[in-house]
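Chains here go by letter, A, B, C and D, matching the order in which they are written, and residues are numbered from 1 within each.
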């Protein structure tokens, strides 16, 4: 994969966060990985979206060392790297503070699977991570944010649940590339909002697991039949 | 009815879903029927709204066989067909995952009739379907989604209640043509939102049936006097 | 007052409802009165806002008879007339189905005065009318909607509380002219939304009456000192 | 600091409130201070944003006397001045009636710190002031609104908690200049909305103080490492 092209993709994906109303100011970041060369392209830290160019994207290796670029990478870079290291099939990662997904993170609750909108993309509840320990918060905080996400996925398939909410922080999502990771972040925000309203209307709302399986498989299973492919 | 014109109408009605903020990505579809020839025109499956043209609309017969068009029809096509077969007077069908109507579907509750906004279009609560059985989910799922909707309307007049919410899924609406079906989908989303707020403020909110009848008849009864006709 | 100018004002005020996101479709109407000649200018019934011109505004007398115009007046015209007859100082009336004010109407609860935003315009709770009786609903329904509003203001000053919510229906507001009536309808929607959130956060929220008086008088009292006049 | 430049900054900051959807009509005001000359530049009272120019900004001294400008200053000017007098390091002040922050003010509750979005800007709960006494409401109301804010910050660092909600009224925020004060008002509205949703989902939501400290220090501490500086 051409690095120049990857920078362009990551740049556009960052702007898409704004277009989808998932971020204000600099509250979000997208990265993508070139698996062949072990290089991650990520948004620079604290740079306003409307002043940013594709050239401002920062290239780091899997140790987090800047390989190319004149700006500091996003402070969340170590979290992104940790996800790329452990979730071997993902190609893009997104972090936002989108309103409803973040509100669930602040509530410290999994976003429950209550409908087919959710099941079309996520095969189960979107999990919320545990509280971080003192040594994690005071030590390598951003790296360990990734570690805690990976721990949360012990026994779960990150390709079938392409997102998480970090307790008291906000959502991370991923996908086969930056574009799909952004798509999943939009879905998370939408299902977070709908789950909130559903539970206000009926605190006992739940979903038949048969229906979950049907919808997830319809789009992602071996016999998927949604879309044109 | 000219098929070319029907395609244009269905195309425009699909775009109207976006204009009214009822769908993101490809989460919605509109169809219309040519009753004379038994042909249904429907949105193709999984195609982005901003790349779609009127020519992309797919024509199917009442068995779901593609009669015209180069793309696969919406995966929800069998549901639309089932509605056209049983609700003899409808000319257009809409399905969306609009936020508040879907949230009620996820809650598994009828959208209660609480005001004249609702009564101007729907003569009673907007019903929520029952849970689907295993053989329905694992069998002809999309067709049986239609069957369950039809079952829900046993003893109800679909012309007087032009919409339904499918449990854990989302809203379907209909009308005399695609345009009216879209109009009713906008109304459903709006009354779903208002009913949510009303019940948060007063869990015992309810509406005098006399007032329901008055408003529905004012627009739809034999002596309707709303509008210019 | 020139009728042609009044039509223009009423036309613009109707469009302002759309600009302020208070109406979709044809769900709102504005009128204004020429007190000298006893003539009311009002939006035609069921006409889409984007096809409407100032010339489409309908002129009726205080018996509701059309004096000028080629279209039928809003079906709510008798309610507007009733308000002009009893609230002698008002010059404009607005009716909408704006989301949060309508939700309170559906809840059947007064919108409680909880903050200075409310007190800057309304000196007390915005009242909700009583249920209408059978003979009112089945008889001169629109006229009696006005009668019930007037009854609700028995002992209240409509100039100090320039709006009401009609139970299970929606908000009416008024002002010295069409422009001010629209302004008050925007305020009602905003305070309705904020009161909803406040009560969710604290069901016992309330406001010190001293503060209410202070804010209302600051804008409307004999010694008003807000603004440039 | 050039007064002409300060007027331009204050003017732009006022328009930013509109761009960020924090104000409708004239419901907000921004000021900035020239510390060297003891002069405050502030929005005129009750002037519509779309008719306003930089030249309309009013210059007052720390007694509130107009030094330059042809319009009356915002009626909230004495509150702004009180904040400048007691919070020695701030350079800009903002007041709005933004929806969710105002709803919390109406609820009379502190906006609790529940997530890192909040902690990135505010080191603790955003406090709500006490009820004002009769002599404060009936006396120098606007000045004493400032006094009560200052009292609320007894024992708190206004640089670490750059905002407050005034009970039954709405939010005030501040910063090193007008631009930063506006930025903080946007953050307050966003965290107010998210805290509302979080508490609806989980009334016992709370945040680990370790995480609060980490995030606040990451942006504001001696070893801050967020952004490019």
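Some notes on this structure:
FYI, a contact is a pair of C-beta atoms (placed from the backbone, for glycine too) under 8 Å apart; a residue touches a chain by one contact, two chains touch by 3 or more.
Chain-to-protein mapping (UniProt): A, B, C, D = L-ribulose-5-phosphate 4-epimerase.
These numbers come from a predicted model, not from an experiment.
Although chain A and chain D share one sequence, what matters here is the overlap of their interface residues, and that overlap falls short of half of the numbers used.
Annotation: 33 Å between the Cα-based centres of chain A and chain B.
Here the CA centre of chain A is 46 Å from the CA centre of chain C. Taken residue by residue, chain D touches two or more other chains at 196, 199-200, whereas all remaining positions touch fewer.
Shown here, the protein chains touch around one cycle, each chain meeting exactly two partners.
Each chain pair that touches appears in this list: A-B, A-D, B-C, C-D.
Remark: chain C residues 20, 114-117, 183, 186, 190, 193-202, 205, 207-208, 210-211, 214, 218, 225-228 touch chain D in the complex. Here chain B touches chain A in the complex through residues 24-27, 44-47, 71-72, 75, 97, 99-100, 102-109, 131-132, 134, 137-138, 141, 168-170, 196, 199-200, going by the rule given at the top.
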